[in-house]
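Residue numbering begins at 1 within each chain, and the chains themselves are lettered A, B and C in the order written.
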Amino acid sequence: MPDNWSFVAAAYAVAALAFGSYWRWLGKKEREINALRGRNAAGRSTAGRNDAVGNDRASRSQQPSMPGHPRPEPGSKAPIQ
Amino acid sequence: MSTALGWLAVAGLAAGLGMGFGVAPREVTQGSVQRIMYLHVPAVWVAYLAFTAGLVASIVYLARRRPAADRLAHAACEVGTIFLGVNIATGAIWGKPTWGTWWTWDARLTSVAVVFVMFIAYLLLRQAIEDRERAARYAAVLGIVAALNIPLVHFSVYWWRTLHQPPSLLKPGSSTMPPVILAALLVNFAALALLGAYFIARRTRVLAAEEEALA
Amino acid sequence: MAWKDLLVERRSKETLNALLFFSLALLFVFQFALGPDRERLGAVLPGLLWLGFMLSGVLGLGRAFLVERENDCWEGLLLTPGDKSAIYLGKLAGSLALMLVVEALVLALFVVFFNVDLGPALPGLALVIVLGTIGVAAVGTLFAAMTAQVRARELLFPVLLLPVLVPVLLGTVKVTEALLLREPLADVAHWLKLLVAADVVYLAIGLLTFDVILEG
């Protein structure tokens, strides 16, 4: 039976590509969020501006965040992680 | 935590490669192509483990409505889908020299493809619903249906006429693998499991950060 | 209330007609695609039959919540007091009835156009058709509710439904195949058990989680 090393290499390469791409995509997401966070913080620290876009984000980040995912029935709500 | 997992995964992958190419012998009937199995088989095990984690997280979410459970379900199903995709691709690459064809509609390949499409649909559903809370609820239900469907698919596989190798560890009866190959498989499984755990941990962190940043 | 029921009944008749003609069109296409080769046709007949059933099912179920959507009654569903699983069962029963009628008629058409001799296979066939359709309707009703408010619902609903229903499709085709070849039902008992198991799982999940879908 011929050895078909090219297939073995191809298989491992495909896997490396898939996992590597996902790893890079996660990194990209993290960078995006950090950038967004930076802009939020900047917006918060200069409150009172009349700039429409900045104001929206600033006011949104000052609103109390939703207490978890609401449920219709009253009952013991688990603390948010 | 995810960084520690990441380094462990790297170590594991190195060990796995060592086992797969160094320690494990050249298989008699298939030749070196068989070494693809050290990637292909553990990938599907990790995928199914991930989907099980997704199942549990989905149930917990529906019962307790903890956002963390939803994030875990999302991440687990996403990572599981990726590993399944790797399984399918490596399976096709193995199949070409071995069976002479990239794809055959025998039951096993079909069932993995079915599970893959089920969870792609899961990810599509999440994308299609804008309201985060509703997306979480609906995805949880779908995650439960899809995960509980996996054994049904697996069994309808085993009874359908099959061209594929009989499932190596999950079929009734004993496994017929030489121990060193089994060892290599298990080491690679541990390595890929660590990689999967790392990805899930990091993905849940990204999801949490996203929610916080967009709140 | 009566107006809604009237609307529903008219909609069902529309759906019934549409599904029937859809199945007829499928039948014609199958014939043209497969040509006059009788043997090949015989071999694929069970698959064709269930393909027809599945596609009609997807079409019909996709419209399960059409009335509520089009008449802005979705909120009415959400606000219904009490156990929402009654709504699930109601919708399920309605879809089931519709699908079974369509399937019976399609089966009759198959017998006529493809000259199939059902004979002793009929009771077994009835059983497997009921089992299979219950499975399709159970998941389909749940997913129809899930996708009712989604923008891409016409695409997303079949993409969600069809992969999940593969075990049901496999099981029903295998049993139908055996029946048409006059094999004893005992030979395919494992498939029947799988169908029953699937039906139980899908119904249970549907009953337990329909409330969750209708929370909003």
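Note that in this section a residue touches a chain if its C-beta (ideal position, glycine included) is under 8 Å from a C-beta of that chain, and two chains touch if they have at least 3 such contacts.
Quick caveat: nothing in here was measured; it's all calculated off a predicted structure.
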item: Most central chain, Cα average position; value: B
item: Most heavily contacting chain pair (counted by C-beta pairs in contact); value: A-B
item: Approximate Å spacing (C-alpha centroids) for the pair subunit A, subunit B; value: 22
item: Separation of subunit A from subunit C, taking each centre as the mean of its C-alpha atoms, in whole Å; value: 39
item: Where subunit B and subunit C are represented by their mean Cα positions, the distance between them in whole Å; value: 30
item: Shared interface positions of subunit B, touching two or more other chains; value: 133, 137
item: Set of subunit C residues in contact with two or more other chains; value: 215
item: Multi-partner residues of subunit A (each touching 2 or more other chains); value: 71
item: In the complex, subunit C residues that touch subunit B; value: 139, 142-143, 146-147, 150-152, 156, 159-160, 163-164, 166-167, 170-171, 174, 190-191, 194, 197-198, 201-202, 205, 209, 212-213, 215-216
item: Complex contact set, residues of subunit B against subunit C; value: 62, 110-111, 114-115, 117-118, 120-121, 124-125, 128-129, 133-134, 137-138, 140-142, 144-146, 148-149, 152-153, 155-156, 159-160
item: Touching residues on subunit A, where the partner in the complex is subunit B; value: 1-5, 7-8, 10-12, 14-15, 18-19, 22-23, 26, 29-30, 33, 36-37, 40, 60-61, 65-66, 68-71, 77-78, 80-81
item: Complex contact set, residues of subunit B against subunit A; value: 29-33, 35-36, 39-40, 43, 64-68, 70, 79, 82, 85-86, 89-90, 93-94, 96-97, 132-133, 136-137, 195, 199, 202-203, 206, 209-210, 212-215
